[in-house]
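In the two complexes below, subunit A is the common chain; its partner is subunit B in one and subunit C in the other.
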Partner chain A sequence: MTWLASNLRLLGRYPSAVAGLVVILVLVATAIYAVVSMPLTEAINLWRGGEGLWQDTPRNAAPAWLNLFRREKLPVTQVLDSRNLPAGKKVEDLGDGLTEIRIVLPFEFNYDGFPQEVGVFTYATFRQARPHATMRWVTPDGREIPVVDSSLRSSDQFRLSQDSRLTRRLRNQPADVGLFADPNATTPRPLKGTYQLVVEGLVFEEGADIDVKLVVYGQLHGLAGTDHRRRDLMLALLWGTPIALIMGFVAAVGASLSTMLIAAIGTWYGGWVDGLIQRITELNLILPVLPILIMIGTLYSRSLVVIMGLFVLLSVFSGGIKTYRAIFLQVKESPYIESARSYSASNMRIVFRYMIPRVLPVLIPQFVTLIPSFVFLEATLSVLGLGDPLLPTWGKVLWEAEANGAVFNGHYYWILAPSVLLLLTGLGFSMLGFTLDRVFNPRLRGL
Partner chain B sequence: MAVSEAPSIQSSAPTAAGGTSGVWRVVRYAATRLVSLFLTTVVGVYLTILIANMGGHVDEIRRATIREELGTFIGMSQQYAHLTPSQRRELVEQLAQVEFRRLGLDQPFIVRSFRYLSNALVLNLGRAEQLTSDSGSSLVRLIILERLAPTLLLTGSAFLILFFVSVFAALALSRNYGGVLDRLAVALAPLSAAPSWFYGLFLILIFAALLRWLPFGGMVDAPPPPTRWGYFVSLVKHLILPVGSIVLSGIFVGIYSWRTFFLIYSSEDYVDMARAKGLSPRVIERRYILRPSLPFIVTSFALSLITLWGGSIILEQVFNWPGLGRLFYAAVQFFDTPIIVGNTIVYAYLLAITVFVLDFVYALVDPRVKVGGSEGRSV
Partner chain C sequence: MASNGFLRVEDLVLHFRTGVGTVQAVDGVSFSLERGRTLVIIGESGSGKSSLAKAILRLLPRNVQAYRGRVILDGQDLMTLGEEQFRREVRWRKMALVPQAAQNSLNPVLRIDEQVCEPLLAHQRAPSREAAMEKVREAFRLVGLPVDFLSRYPFELSGGMRQRTAIAMALVSDPSLVVLDEPTSALDVLTQANLMNVFKRIKREFGTTFILITHDIATASDLADDVAVMYAGQIVELARADRFYREPLHPYSKKLMSSVPTLKQEKELEFIPGRPPSLINPPKGCRFADRCPARFDRCSVDPPPAAVDGRQVKCWLYH
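Entry: the complex of A and B
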């Protein structure tokens, strides 16, 4: 263990190793935060995004911190729910079981850009007679625009921006522009100040009630923005971290350890064992990997664990085995192995206690450098349509962005966030790995 | 990376040592090697056939598809409107049987799998089941040939740039070991952790979306420029980004590993000895460093060269490049066995021939290599 300690101390002298370690530690901390803050099942449920789960977030919105760098501030989403604002709700009994419910939802709008969309969601409780509601939009300069006049079901959505009659009334501007535009400006410019949505509802039964939620969708959202299905990308970026790290680590350990073990056994026993391993390796060079993965994905399971496991299995019998074989062939002839034989050590003892420990210094850097390739492999599998159907991963975010034309439509944040994380992970591990290689590998020491 | 797997071949390489026994040994070695390579190819191709058909599972999918298509066709057709449902079902079954016989689906999969194998081994690639070439042919040979040129253009030019730039840059760096450029190369090496398609996304974002200098993808403008010169310019324009991303993803680690490789060779005792003798650096580099590392360079070159076959599936997808990689991907998705098998058999043969020839090239360029020598020089 002393050589390990001294080697680690040596590592501190390389700035790239220190930088790599810092990146890795930050990633591990993020991963721990993700796992602690939200259980996996909840993350999966949110990411699958059932009906109504992502009602209050805009579509394809860039991250909100972009406003820090802009002179013209773009709006972020405002959600006003009468269930959370009891002060704005007045109930008046008109007799005959008739009740008037008046809801006022006021909000400040001080941005230089128009919102992306305006939506009103109503929630009504009643037994038989459907309540009726009229809604007016009150602008800061006192204009009143009727927006909704309708009887309500138990839950209704009014997407004002898609209401073509409203658009016509607003002089052919969709609601997100028309409701906010300054009437005196020649080019459309939002009017700043306090807006109100006034809802006047009539319910016809004892105990019936109406609640209203107004969502003014912003053009920016959260720390990471949202995707085409209104999902907050932060979720996938956060939860992608533990998935990427665990997968990279486990796959790299599995691949490098089993490659080394098989190479050691092959070289020690020689003869037909060695021949068989060599033939399998040659065979594996010919076999097309992609159809194998697709076959397993179609017939068996698309789970990331299965696909990655298979890939690790296939990568065990590849070039690496030949490199280890070359090293083990040298080790096998060393005098200390001969002395082990002379006291009739068993074959397994020689392989596990004498040959493998000798090669471990070569293994450690290789294994660290392998991690990023498996992290990127997940992204590659997603690109090929073999990604895990459930898990929120960086690769899937990246590929959905690519598939939905993020580059063409200018949603650069959507591509940049997962790519930067992938690249950072790759850089962190390979910076550490390359330095470890120089420290642990005596032939490279000082190069 | 092929660079690191290359040296293994030498462990079982022959020698061209003189005398009749030497010749006999070489012939015997060549024969056993050929047989073993051929057997590996046969087994590999047969496994590919099983895999491409999902062990015969694809047959059921295809039978069901044929029945369904015939069913809809007859159901929609005016001509058969007077038939009763049971008559119609009978007709569908009859026509389906004809179609099965035409496609060979009436025979069990095991029988057909061996026919696939024997046809593949004599390079009789046959006809594709679903896909066609752009000129409309369904001959696998023509489909592959049509896609071969774009793939070779893309991966070939990227590979040549990558290989020669990294070897020569590495040589220059190993000469100025410890300099600013050398340390920069070491520091940049981790950038190669990302695959080429990943860099492709970035390059598209910068040069196509933001700056609008280069096209997003494809091979030539649509419609293709009429003049030869215009076509060439458009081709080069479309080539820059994909080639750039392959080169970007490989160049840093390429330079780093070749540099380390040359440094290891230049720290051998005989190089110190040559220096002590006062030989000029040029001579030392040519005779004492490049000469002994030549077998490794040749192997690495040859083995990477054949991996160009097949192209890069995802990169071609990202750049919409009409190459073999995308063909293969499409074939896998349509379960188009003849194309998958055709692609694999050509690759297997190229690999086997290269490995076989390399054994002998080794003996020619490296006089230290012995028959069956398993001293296993590590690199």
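Entry: the complex of A and C
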């Protein structure tokens, strides 16, 4: 342990190792944050999407921080819900069971671009008689535009941007432009200031109520933007981190440790044990891994556990066995092993206490650099359409971006974010791994 | 020599299979050794000394062709024991080995206290780790290693210290027989002398029986009670040390002794012409015959050991 500690202290002298460690720590912190902030089932549920889950987010919106680099600020989504704004709601009893509910939803709009879409969602409670609502759009310069005039069901959606009558009334501009455009401008330009949605509702029963939610969808959203199904990409990027790290780690452990162990046992016992291991390895080496994985993915299951488990299984008996065997053959003949045999250390004792520790310095850096390669593998499989159908992973994001023409449509953020995360993972682990190599194998230090 | 010795080896044979033929590394070796005495086995490189040690401790490589004879330790015939029983009951319980090039016989990734502990732990000889460590400290004091070196790694020690560590490792389980395979071969004279003193002290204090394998006849004389001279896989002369050093009988022993410089006498050093025979297909008769100055007709027949007042010489001159 002190050996490990002193070696780790030695790592501090290499800036690249420190940088790699920082990257890894940030990734681990992100992973922990993701796991703590949202259970996996909820993440899967949200990622699967579904009715009403992603009502308040725009489609294909770029990350909000892009505004920092733009002179013309693009709008972000604003959600105004009368249930959260009790001040804007006035209830007046008109007698005869008739009640007027007046809801005012004011909001500031100070952007240089138009919103993506305007939606009004109503939530009404009643027994028999459906409430009625008229809504007016009040612009900063005082114009009033009637937008909705309808009786309400228990919940209704009014996608103003798709309302063709409204579009016609707005001189053939869709609502997201027409409601915000400066009437005096020659080229369409949004008018800045306070807008209001005024709802005048009539309910015809005792205890009936109306609530309204106005969503002004922005062109930008959150830290990572959204995809074609309005899903916040942050979810997949966040939850993709623990999935990638755990999978990379487990697969690297499975592939490298078990490979070394098997090589050590084979070399030590020799004879038919070694022969069998070597033949299995040689057979496995000529098996094409990717087609097998594609076949399993197509015919059996695309679950991450199945695919990665299979891959680890296939990579246990890989070229690594030959490499380790070459080292172990040398170690096996060292005098100290012979002397261990002379004082009757048992076979397992020799393998675990004498042979394997000799190779650990080779294994540790290899192990660290192996982790990102498995993360990349998951991404590769996902891009090939073999990703896990449920889990939000970086690879899945890339695949969906590709399938929905992200580059063609200019949604670069959709591809860049998961790619950058993949690259960072690779970079972090590689920088650490290469430095570990120098620390643990001092002969390389002079090079 | 008492025939009811503590260790009795009878007609021990160890042949190896190689690509070019059978190497008769140990070919019909017999001797016996009393408790508390030290037998020095001397001989040139390749005369089968280390193979004899391996044969006694049954540390056989994979290419063994023949391994037979009798090794009787303390009245127990070791050759009848199974491999696992031998491992459990004999190795490091009754006899231990300080291997050749002992400096390299330490596991580089173990601290030396753990290393010296290993035989105890491997044999479950210590009730606890603490008890084992206590034994280790004792063994360290015995070989004259400072106890504060315990937590170092082999590479941090000098050659002599590593050698002492290997010796401590052999002594830690209190074996009654210790086989030392060239324990001082790679060390400087001062360290050699130091180690010899360590062996002498151990012998005096614990009555440990030693088999010391060496080609360094002068240094070995310090410790020797009995001397066996090996030539081409066979013991050619076996005698008490005082008599052997004063007057060797076998022509090979004579030549060997006259090649050793002495401190007080002014003498011309001699050498033995020729080379030792190959152990693959050795000559039919006396194996030294080709190089022997006293060669005569009968030498073309293998001589049986002759007993000359308590000494054993494998030469026709004494029949």
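The working rule: the second predicted complex is superposed on the first by the 427 of 447 C-alpha atoms of A that agree within 3 Å, B and C clash if a C-alpha of one lies under 4 Å from a C-alpha of the other, contacts with A are read in each partner's own complex, and residues count from 1 in each chain.
The rule we apply is simple: a residue touches a chain if its C-beta (ideal position, glycine included) is under 8 Å from a C-beta of that chain, and two chains touch if they have at least 3 such contacts.
All figures in this text were calculated on a predicted structure; none of them were measured in a lab.
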| item | value |
| --- | --- |
| Joint occupancy of subunit A by subunit B and subunit C, clash or fit | fit |
| Computed vertex angle (subunit A) for partners subunit B and subunit C, CA, steps of 10° | 60 |
| First, second, both or neither for A:Arg279, with subunit B first and subunit C second | first |
| Touched partner set for A:Ala185, first subunit B, second subunit C, both or neither | neither |
| Partner chain(s) touched by A:Ser334 [first = subunit B, second = subunit C, both, neither] | second |
| Partner chain in contact with A:Val22 - subunit B first, subunit C second, else both or neither | neither |
| Partner chain(s) touched by A:Val407 [first = subunit B, second = subunit C, both, neither] | first |
| Subunit B versus subunit C as contact partner of A:Leu223, first or second or both or neither | neither |
| Dominant toucher of subunit A (residue count), subunit B or subunit C | B |
| Touching partner for A:Ser342 - first (subunit B), second (subunit C), both, neither | second |
| Touching partner for A:Arg325 - first (subunit B), second (subunit C), both, neither | first |
| Where subunit B and subunit C come nearest after superposition, their Cα distance in Å | 12 |
| Subunit A positions touched by subunit B in one structure and by subunit C in the second | none |
| Of subunit A, residues touching subunit C in the complex | 270, 334-336, 338-346, 349, 353-354, 357-358, 360 |
| Subunit A residues touching subunit B - in the complex, by the definition given at the top | 16, 20, 279, 282-283, 285-288, 290-292, 294-295, 298-299, 318-320, 322-323, 325-330, 369, 372-373, 376, 379-380, 383-384, 398, 402, 407-408, 410, 412, 415-416, 419, 422-423, 426-427, 429-431, 433-434, 443-444, 447 |
| Partner subunit A, residues of subunit B touching it in the complex | 1-2, 4-5, 7-8, 11, 36-37, 40-41, 43-45, 47-48, 51-52, 54, 57, 177, 186-187, 189-195, 197-198, 201-202, 204-205, 208-209, 216, 256, 260, 263-264, 313-314, 317-318, 328-329, 332-333, 340, 343-344, 347-348, 351, 355, 374-379 |
| Residues of subunit C that touch subunit A when the two form their complex | 57, 59, 62, 87-88, 91-92, 96-97, 99-102, 104-110, 118-119, 122-123, 166, 169 |
